[in-house]
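Consider the two complexes below, in which chain A is the common component and chain B and chain C are the respective partners.
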Partner chain A sequence: MQPPAEHVHWLFATGILFLGMLLVAEAIVGPEVWRRRKWRAYLWPSLLFGLGVFMWPVMVFFTNSTIHMLAHSSWAQMMMVAGAAELGLVSGKLKSRYWKLAVPVMLAVAGSAFLIHEANPWLYSRSAFVHHLCGWMLLIGALFPLGAAFKTRSLFFKAGYGLVVVAVSVALFTSRDVAPVFGHLSPSAGVAHR
Partner chain B sequence: MSQYVTDLSRIRIRTGRSPRALAVLSLGPLAMLAGVVWAFVQPWRLTLLHPYHQGFWWLVVEPPILVVLAGVVFAAIAAGIVHDLEEAEAE
Partner chain C sequence: MRRALLFALAACVAAALAFPAGAWAHATLLQTSPGVEKRLERAPATVTLRFDQSVKVLANGIQVFDAQGHLVSGPPRVSPTDPRVVEAPLVKLPRGGYTVRWAAISNDSHVGRGIFTFGVRAAAPHLSEAYGATGPGTSEHVVRWLYFIALALLSGGLGFRLLVLRGAATPEAERRFYRVTAVGVIAVLQVGTLAFLLRAEDALQLPFTGFLYGDLSPFAKATRFGQAFVAMELGFAVVAALLFLAWLTEKRALLWGAFVLSLALGSGLSLSSHQADDRGWLPSFADWAHLSAASLWIGGLLCLGLVVWNDRELRRTAFWRFSEIAGPLVAIVVAAGVYMTFKRFPAVHDLWSFGYGRLLLVKLSLVCLALSWGAFHHFVVRPRLDNPGVQRRLPRSLVGEAAVAVSILLLAAILVDSKPPPKPAPQPTQALSARR
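Up next is the complex of A and B:
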């Protein structure tokens, strides 16, 4: 009853797409309007925390390699930490603005984990390409929330952060278990299917 | 005079939306459109159209529908965001 890996990628891509849309919307309207309704302020940090929680079963059930398990657990931990930090800031229980750095650290760790746990080169298969692409997008994209942590009113940094998250979701939606990328598929990757 | 100005402000809000409001309102429909376009480009990913001999996960997880769903849920939230934005702009 375990889902194929690509289905898990698509489910997470849906959550990440929704997260990205919320971040872009918050960047557009600004934090004052966004926080006019209390529940809305908690929405995307809760979603981020929840995605971290749901990453744990992925770590437990997809045990094809140790490095995969480590990558999934690092994503789970960092998403939960970043979500919890944002929840703490929204509720007022955390005061220091340096807690805002939890999100760029999460993206940097997530990006590094993508790159480290992908052993194959970019054009080995679709999956390898998606891993490399997500890794670099997250690593470079971490600069946006890093900038937003210090320039809290910057539309460029906040919208950039949201758009990076949307781009990662699009990349995850293109993920397939075994499929070619730009016509390339290594014979050792297996037989392509739908 | 004050009442007149207030009424004019309300009319402006009802007839024309700010670029920020339009941007927020367009996010949901854009996602829905992306899902629909995907469904036309890769109809085999919509297993509801040919449900026989499909596995459980292929029937439950249909990515174009998931994208449309994300857009629908966001659109439901966007209405409240725009309401608050227009209230803030009117103040």
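Up next is the complex of A and C:
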């Protein structure tokens, strides 16, 4: 028995909200204060890596279409790679600062996967709206960690990155499979059954 | 500058909101009657599909074929009581296996498609043997071959690090080892997905755009191959995590976890292969032992070239230790292989009268070549390892042995995708006792 898709969205929204809050907190207090306790540097990269691992069950159990399966697979892999790259950087195992580009690449790929696999237009249903919104937020939001990779002390880029992640989590919390958005539901979406 | 950046961002957001994506939708199939790959004792009067949203029905929305490809269903219609249900009447079905191909269209024109099978007083055909499926082709052979190589790099690489190098690895060898096994685990995950999609695509027989929205659930849930795919993808994702954490924390215990898990996950291939058709656990166990030992042997050979070859001292130690464990590994490969050959070929002439048997003979001759090569390394080269001439020529010889081993994997991939000879019909007394 599989849980409804929106329940899975809410579970991941919870993890992503924590991730965003950690990023915003780090941006506000600055890296010097944040890293006074060494373990704090590992917090959000570990969470990102863990979310990637937990995305694999979604990939293999939600196989109602090929494109959904591939989208979930790309999220799982990108989150694991970006989390692993950040963990490698904070542990000192990776030296090149180009590894910082793993996060913007992850956001860009994740956003593209959202947009490609959502087959309905914006106002088809709430779920469709949320998918478009998340896709574009991630795609444009990729500019923040991209900027932070080169301007490492910029509060604007770091806080922007954190806020984009928080915004994506909030959007995911509003996901309902077949429900109206702004009072509108496409007649082709059928009856709002959940 | 900052104002310009903000303006650009706002313009992008406005553009995204102004130009929504094209209108497609796809319905998800929630339930079928008859169930996927179900054997029924009474012929059903209709085929019914329940979707998660309302759908329109196409003229060929439900087509039911018998084993010869005759259409045995009437025109489909949306249920008058529920717009999410589509049904099609059936003629009176005789005993046999049947294939259902469905297509559902949403009001905004996107078509979702799928397939399932059922049997009437007979076993339902496997989805991969549904009417219209063409069976494994060259691309499936190549993908399975790549899967075997990836598995050899992963399991064999881990075995090489833990059983051959043990604590002796230099930082450079350690780096190379992690690169080799990372390639292995990433390839296992990607090629595993590709193999699953190819298998589903063969049964669905859809054009690319149709396949993107094809329903894969029956393959993932109702076939041994699909269940193995689910377990192996999940398991190898954990192996990837363990491998990464071992690299990050330099804790070798995590490598042991990854090694044991990757060997255990190899059983997914055995449990979804022809060996699992036989009764009892021994054929599947033999297949798993055969595959695991071959992965360790071939992966170890590849690691000799890829991980330690730049370091003269380490190379010598590794070659010496690998020779020690290669013997038992080869013994397992041969013993399990001989057992499976006897299981598969009740009569000796099956070996040359069936395509499967002839392929096996080619594979056996390559195995003999690889074994002779290995024996030459063990008995002739190993005692002369300090000789500079031997050291100079040995890399080429190892590459040759590894190339033969990788060719064996290709033949193994084709054999796994091929049909073995049919089993002889049971004698009347055996049939009687089996019925009792």
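What we mean here is this: the second predicted complex is superposed on the first by the 191 of 194 C-alpha atoms of A that agree within 3 Å, B and C clash if a C-alpha of one lies under 4 Å from a C-alpha of the other, contacts with A are read in each partner's own complex, and residues count from 1 in each chain.
Note that contacts are C-beta pairs under 8 Å (C-beta built on N, C-alpha and C of every residue); 3 or more make two chains touch, one makes a residue touch a chain.
Just so it is clear, the structure is predicted and the values come from calculations on it, not from any experiment.
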Room on chain A for both chain B and chain C (clash or fit): fit
Broader residue contact with chain A after superposition on the shared chain, chain B or chain C: C
First, second, both or neither for A:14, with chain B first and chain C second: first
Which superposed partner A:156 touches (first chain B, second chain C, both, neither): second
Superposition-derived angle with apex at the Cα centre of chain A and sides reaching chain B and chain C, degrees in steps of 10: 130
Partner chain in contact with A:32 - chain B first, chain C second, else both or neither: first
Chain B versus chain C as contact partner of A:173, first or second or both or neither: first
Touching partner for A:88 - first (chain B), second (chain C), both, neither: second
Shortest span in Å between Cα atoms of chain B and of chain C, once chain A is used as the common reference: 18
Touch list for chain A against partner chain C, complex: 49, 53, 56-57, 59-61, 63-67, 69-70, 73, 76-77, 80, 84, 87-88, 91, 93, 115, 118-124, 132, 136, 140, 143, 156, 177-178, 186-191, 193
Residues of chain C that touch chain A when the two form their complex: 2, 9, 12-13, 16-17, 20-26, 28-29, 52-54, 83-84, 106-108, 110, 112, 189, 193, 197, 200, 211-217, 219-221, 229-230, 233-234, 237-238, 240-241, 244, 247-248
Parts of chain B lying in touch with chain A, wherever the complex brings them together: 20, 23-24, 27-28, 31, 44-45, 56-58, 61, 63, 66-67, 69-70, 73-74, 77-78, 80-81, 84-85, 87-88
Touching residues on chain A, where the partner in the complex is chain B: 1, 3-4, 7, 10-11, 13-14, 17-18, 21-22, 24-25, 28-29, 32-34, 36-37, 40, 43, 173, 194
